[in-house]
Amino acid sequence: MNIELTLKIQDLNARYVQAIDDDKLEAWPDFFTENGRYRIATAENVERGLPLGMIYATSRAMLRDRVRSLRDANVYEAQRYRHIVSVPLVEAGEGGAIAAQTSFIVARIMHTGETALFATGRYRDRIVFEEGGARFAEKLVILDSRLIDTLLAIPL
Amino acid sequence: MNIELTLKIQDLNARYVQAIDDDKLEAWPDFFTENGRYRIATAENVERGLPLGMIYATSRAMLRDRVRSLRDANVYEAQRYRHIVSVPLVEAGEGGAIAAQTSFIVARIMHTGETALFATGRYRDRIVFEEGGARFAEKLVILDSRLIDTLLAIPL
Amino acid sequence: MNIELTLKIQDLNARYVQAIDDDKLEAWPDFFTENGRYRIATAENVERGLPLGMIYATSRAMLRDRVRSLRDANVYEAQRYRHIVSVPLVEAGEGGAIAAQTSFIVARIMHTGETALFATGRYRDRIVFEEGGARFAEKLVILDSRLIDTLLAIPL
């Protein structure tokens, strides 16, 4: 067990969800490599091997576009999110990359103050260490539930 | 503070809940020692010193029987669970064993996609290090709530 | 990254929330320095720079008074709480103190057994290492929601 590695990934995860919860969406793409892949899919579809997700981006530029759309739509600001992530399960990586799995639970806090359990699932990540720190080369967000309506708008 | 020990227990906890959340129930008994004890009880009963729990097993074989019953009853597969566990509080152990306490919160995701807060509580564990890794010599699952109906069917 | 420091703060956080969840409120003030500050405020007010919080204490003695009031009012015992905290984001501190941010989610379990998501938010802490261990020189509890009714009674 590589203690330092585990803690570095914990730290990456903590900064990642803090950026989202603090509505610092413009910082969100920087957690990915230049050609980083980001996908949101349901557990059901992942288990069936269905390749497409609800959201699929293959570069930091696409994530930046996405943030711009969210800002234009002005949907995101009306509510807050609170992610709680578990400690990561770090696994043997391929080609220098590290594989990590991390459970998450997200609460949504509406403008009225109402709080509800919003999403649960697991991140399946491939992480690389670049100049400037650890980044996601791939982040697969696997949602436990297939109720997805508003989910489409939100970075997880 | 023993850093490596704390992280090893974090890792054990993460793998334990991942096996349950991934519906890999057949792997569940292997997290226990041959004569490992597993008990689910309410906080109320633990505080009153009532020894019996809702579930009580005293060996890996009993846990295997339990998994078989769950598979036969076919109850478990209809829903998903998502455990989020806190970092463990590791305490001085007796006779080489390590005592650890870990808070948990479990969401249940129904087949329809509905997600609800299902159970909260604390694990009170005794952990030993055997060939093949860390295992639970004892796991006491202390539930905060005494509403227990369907709980009886589910490994926590 | 200072591994030992991060784990010490994890441990402090785990003991802090365990004391509250175990209803050991008399131990709660001891997690603070003699002149430790404790404040609960909404995210909205923190962002607007409004200095006042729903609760504001500037010494361990004030926290002790608060616990006595809670015991007299006999409100607290009727329910249980379960905190789940994330790993802390540890930051460069000033004057020897350490700054840490930690997300939390709290479930409330009523006497009837009903469980609900109660509060979410983030701790923004200043931590010092004194004889006897790590303590909070300042704990700012930033709540995501502005629905605060019963919150006023409860240590978070």
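Order as written gives the chain letters A, B and C; numbering starts at 1 within each chain.
Operating definition for what follows: a contact is a pair of C-beta atoms (placed from the backbone, for glycine too) under 8 Å apart; a residue touches a chain by one contact, two chains touch by 3 or more.
For clarity, every value in this text was computed on a predicted model and none was experimentally measured.
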The assertion on subunit A/subunit C checks that the Cα superposition rotation, as a multiple of 5 degrees, is 120
Same or different interface residues for subunit B and subunit C, judged by whether over half of the residue numbers are used by both?
different
Counting in whole Å, what is the centre-to-centre distance of subunit B and subunit C, each centre being its mean C-alpha position?
27
At which residue positions does subunit C touch at least two other chains?
3, 84-85, 87, 105, 117
Given the complex, residues on subunit A that touch subunit C span 3-4, 7-8, 10-11, 13-15, 17-18, 21, 80, 82-85, 87, 105, 107, 109, 112-117
Mind pulling up the subunit C residues that touch subunit A in the complex?
1, 3, 6, 43, 84-89, 101, 103-105, 117, 119-122, 144-147
